[in-house]
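Common to both upcoming complexes is chain A, partnered first by chain B, then by chain C.
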Partner chain A sequence: MKRILSSVTDGKGFDIGLVALPLAFLFVMSGLPLVYNVVMSFQEVDMFSLGSFARPFVGFRNYVDLFSQPETRPILFNTALFVAASIAGQFAIGFGLALFFWTNFPGASWLRGLFLVSWVMPGLVVGAIWNWILSGDFGVLNFLLRETGVIDGNIFWRSDPNYSLWAVIIANIWLGTSFNMILLSVGLSGIPKDLYEAAELDGANALQRFWTITLPMMRSTIGAIIALGLIFTLQQFDLFAAITSGGPNNTSNVTQYWAWDLSFRQYDFAKGATISVIMIVFVMFASVVYVRSTRHEVRG
Partner chain B sequence: MSEQFRNRLMLAVALVLAAIYLFPLYWMYITALKSGSAMFATPPKFWPSEPQWGIYGDVWQSRNMGRYLWNSLVIAFGAVALISVLGVGCAYVLARYRNVWVDIGLFLILMLQVLPASLMITPIFVGFSQFGLLDTPRFAVILAIAAKSMPFFVVLVRATFMSVPMELEEAALVDGNSRIGAFFNIVLPLARNGILVSAILIFMQAFGEFVYSKSMIQDIELQPASVGLNSFMGPNTNEWNNIMAYATIYVTPILAAFILLQRRIVSGLTSGALK
Partner chain C sequence: MTLQIELNGVNKFYGAFHALKDINLAIEEGTFVALVGPSGCGKSTLLRSLAGLEKISTGEMKIAGALMNDVPPRKRDVAMVFQSYALYPHMTVEENLTYSLRIRGVKRAEARKAAEEVAATTGLSHLMKRYPRELSGGQRQRVAMSRAIIRHPKAFLFDEPLSNLDAALRVHMRKEIRALHDRLNATSVYVTHDQIEAMTMADHVVVMRDGIIEQQGRPLDLYDRPANKFVAGFIGSPAMNFIPAVVGEDGAHVALDFGKTQAKLALGRGLPPGSSVTAGIRPEHIKVVAEGQGAFDVPVGFVESTGSATFITSATQPELTIVETGRGGVGSGDIIGLAIDPVQLHLFDTATGKRIEPENGRIGIEPPRHLHVAGHVS
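Our next item is the complex of A and B:
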């Protein structure tokens, strides 16, 4: 007993205790729900069986039912479009801004940091602001687009099935751009300056330097950021709740909102669990890509 | 083109870019000050002619914001306290050793970091309701947020511990400190700033958390400000000035804290997330 006690205060037991408690907590709070999620996706869950663990086992019926629903295919397509457009927009604008601020002038780093306000704001507030900016008749975005002659009539961003998903994408690009920019700036500042000096002496112009030095040197950073972007866009829920609620008629619905909607609006917990399982597998795959591209950091 | 002129030009362009990017925030502040009719004027005014300063007090009263913000604070403080107590030690051990077990632990933690809350809420809700945790919904939300955010905290704080020289701790051990003594007297004070910044980041996230609170807290008395904002925004609302006033009251403290601590937050964030 004394040996154990002294090990805890003064030996390996100290380390093991420090790490075992949080890992046990994470196992109970994240690991078990993950398993439970898979179990529920193979069960029949309704309001009456919600309180018991022994529910009827239905095999793959939830999965079959899910894929035979007419809205499944459009929602999966929406998710793919949402992710691709958000990442493309965030990355392109973020990279442009990072390159601009990289030229280094007085005040650059402070102003660059200011962009991160979008990242610390609650998602619901960002959604509320964009909901108002994108409003059809009185939205300021429609006004600006009209004044600059881009559009003739008002676009009803939130209620027009052709635009509702894009309303959320615009808000999400705004939200994610700053994070992309900051991480890309970190990557850019890691490129040795003498590479550029050498290239300049050899007569390479700015575009050639970008293609032959900046992009190749940034390859692992870019890979990590794209994977992180995938992870973050698949986590995006608040903007959907605040701007379109997945409507009208599911035209702006994506899987991560749909899973919640199935469970908490339609009380179909089995279907919610089923779609969650499918998406979690997908997110796990993305995170393996992310971990691989930051492997040297993990190894220390 | 002189150096000074170039710098001024770049700064001017940067200010314009920042102004464009931060326009949504500006629009929130301006809309809150507009009267009901000025809000729907065409063309919209970009500067309020008759600012309605009384709106903040009205919205605070009518929406019962004190209660909502109090609940947000309880949830955020609870989550940060739980995460700090559990996460600091974990990050310390993961920073101090380099072997295959640490790699595995880090890998698991990074995997847990990516699980979307809106997908995890279904099993968490059903499981929590079976174990009776939903009778104390704010505590249930704190547990769920802690599980969601702790991996991120561990990754950030681990980066801080990596920068504390191991020799200092070894010297303390040679001087007769126990491991616990060395941890609390030497390592922890040296890593204090990094831990504080990470805790603030977690606090900001938990302060705006929505999915878990929306799903698990049915009692309006216990709901946080994010859920309150959501129920304020009905499908066909036209009270945008009031909603923006609500949003202003909600985010201004966060924004002020962010601007004060900006440098530290940005450097803390970048050191952990990617390097």
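Our next item is the complex of A and C:
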């Protein structure tokens, strides 16, 4: 007993304790629910069997049923579009801003810090604000587009099936851009200045320096950001709840919102779990990309 | 010989800070020039201005006859070897070497051939597929140089390229860089804070301090006839001894002031009587002789020996450093006589630090008359 105690205070036991504590926490708070969720996707679950774990096993029936539903494919497509467009928008604007602030004009770091405000805002608040901006009759966005002559009539962003998903995408890009910008800024500041000087003396112009120095040196940062972006956009729930509620007619519905809708509004817990399992596969893929790209740091 | 680099009245300001003050420099083609000085003297700023990485505020800068003031770095056709080497970490050695060629649109096969040729001369052939992080310091240094060589630039600019290497490798690379310069018949500008590097490598040494050129010329000229006290103290190792001195009433003698001790030396010409000067004598130009046999006697403070040379520091104020080849046999506390060849004595104006040139080229030393040697370490 004494040996175990002393090992905890100043030996290997302490190291094991440091690792064991978060592992136990992760297992109880994340691992078990995950497993429970996977098991549930192979069971028949209704309001009455919700209380017990021993429920009828149905094999892949939930999966088969899910994919035979007419709304499944559009919702999966919406999810893909939402993720791709959000990441593309957040990354492009975030990278642009990061490069802009990198020029280090007076007040650059101060302004860059201000940009983070958008990221710390709760999704529901962002959703509420964008509801006003995107509003069909009195929205500021419509006003701007109309006055600049881009559109003739008002677009009903949230209720028009052609635009409803884009309404959420626009809000999500606004929400995630600053996070991309900050991470990319950090990546940019990690590139030694003398590389640019060497490239400049080697005859490279600004565009060539961007392609041959900046982008390759940012590879690991970019990989990490895309992977994190994939995870964050697949988690984005608040904006859907606040702006479109997945409507109209599922045109802006995505898997993460649908899973919640199925489980907690339609009480079809098995289907909700099934969708979650499909999403887990994607998120795990993104996690692998993230871990790999952060491991491949290229530094002189 | 044509002028490869020309600077006329170049000034550089950083806000109110005057970094380069009226720099005039003319470098002939094929010359190895060293810019040397203590940190903050402006030597790196001058080099970076030549590269175009810093814009000069006023004056005229020409490379190969063409005015460069507003030409961007990529169009100056100069190559630079950075202190940090600045190798592209995401490229292999071969890609590092061919970068400038690929930027210029040279075909891949052609670029690779050029890289192989350069690598063969710098001993990198077997490392072409490695990344910089897989190389040793000396190998990285070679890649940095090869990257410059492959371009056949109008001038090579070196920014303290050896400061990250260990002492033995530094001495070796010194020779290699110089040999390379001779083989390529290149024009090189080499920045260093190490006067030994400047002395051993360069044809022409430019000593800078506080943004001005204190003196420039051939290395041995700087050593033999330093224009002022700063250059005299900066060039040569260990540094020159400086002793305050007063010109005697007759104007033909100078008294070295060691506090308690005074050593009187004859001057070969008249100087204003009573004027204070600073006498300079290099440690290697002082001979240790038996007590009473030299110009004056001093007590020995401490003795350090490197095996090949003995460094003797006198117990006087100011201290004198004496370098003797061999081991001597002098110990701390001994009284030794010092003989000075009068030709080796330098005189500087105490107020301005400027060199006082003897008119007939000789400063004589009188035979010792009074030897008020301090008996204890002062």
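Methods note: the second predicted complex is superposed on the first by the 292 of 300 C-alpha atoms of A that agree within 3 Å, B and C clash if a C-alpha of one lies under 4 Å from a C-alpha of the other, contacts with A are read in each partner's own complex, and residues count from 1 in each chain.
Everything that follows uses one rule, which is that contacts are C-beta pairs under 8 Å (C-beta built on N, C-alpha and C of every residue); 3 or more make two chains touch, one makes a residue touch a chain.
Treat the numbers as computed from the prediction; the structure is a model and nothing was measured.
Could you say whether A:P192 touches chain B, chain C, both of them, or neither, answering first, second, both or neither?
second
Applying the document's definition of touch, where does A:M217 land relative to chain B and chain C: first, second, both, or neither?
The answer is second: A:M217 touches chain C but not chain B.
Comparing chain C with chain B, which touches more residues belonging to chain A?
Looking at chain A, the partner in contact with more of its residues is B.
In the overlay, answer first, second, both or neither for which of chain B and chain C A:L165 touches.
After superposing on A, A:L165 lies clear of both chain B and chain C.
Output check: A:I226 vs chain B and chain C. Expected answer is one of first, second, both, neither. What do you get?
Neither partner.
Touch check for A:V283: first (chain B), second (chain C), both, or neither?
Only chain B is touched by A:V283; chain C is not.
State which residues of chain A lie in both footprints, the one left by chain B and the one left by chain C.
Common to the two interfaces on chain A: residues 298-300.
Which residues of chain C touch chain A in the complex?
Residues in contact with chain A: 51-53, 72-76, 78-80, 82, 84, 86-91, 99-100, 103-104, 132-133, 147, 151.
Where on chain B does chain A make contact in their complex?
Within the complex, chain B touches chain A at residues 6-7, 10-11, 13-15, 17-18, 21-22, 24-25, 27-28, 31, 39-40, 42-44, 86-87, 89-90, 92-94, 96-98, 103, 105-127, 129-130, 143-144, 146-148, 150-151, 154, 162, 178-180, 183, 201, 204, 207-211, 214-215, 225-226, 229-230, 233, 235, 240, 243-244, 247, 250-251, 254-255, 258-259, 262-263, 265-266, 269-270, 273-275.
Could you please specify the touching residues of chain A with respect to chain C in the complex?
My answer: residues 192, 194-195, 197-205, 208, 212-213, 216-217, 219, 298-300.
Can you check the complex and tell me which residues of chain A touch chain B?
Counting only chain A, the residues touching chain B are 9-11, 14-15, 17-19, 21-23, 25-26, 29-34, 36-37, 40, 45, 50-53, 97, 100-101, 103, 105-118, 120-126, 128-133, 135, 137-138, 140, 143, 147, 174, 177-178, 182-183, 185-187, 221, 224-225, 228, 231, 234-235, 237-238, 241-242, 245, 256-257, 259-260, 263-264, 269, 272-273, 275-276, 279-280, 283-284, 286-287, 290-291, 294, 297-300.
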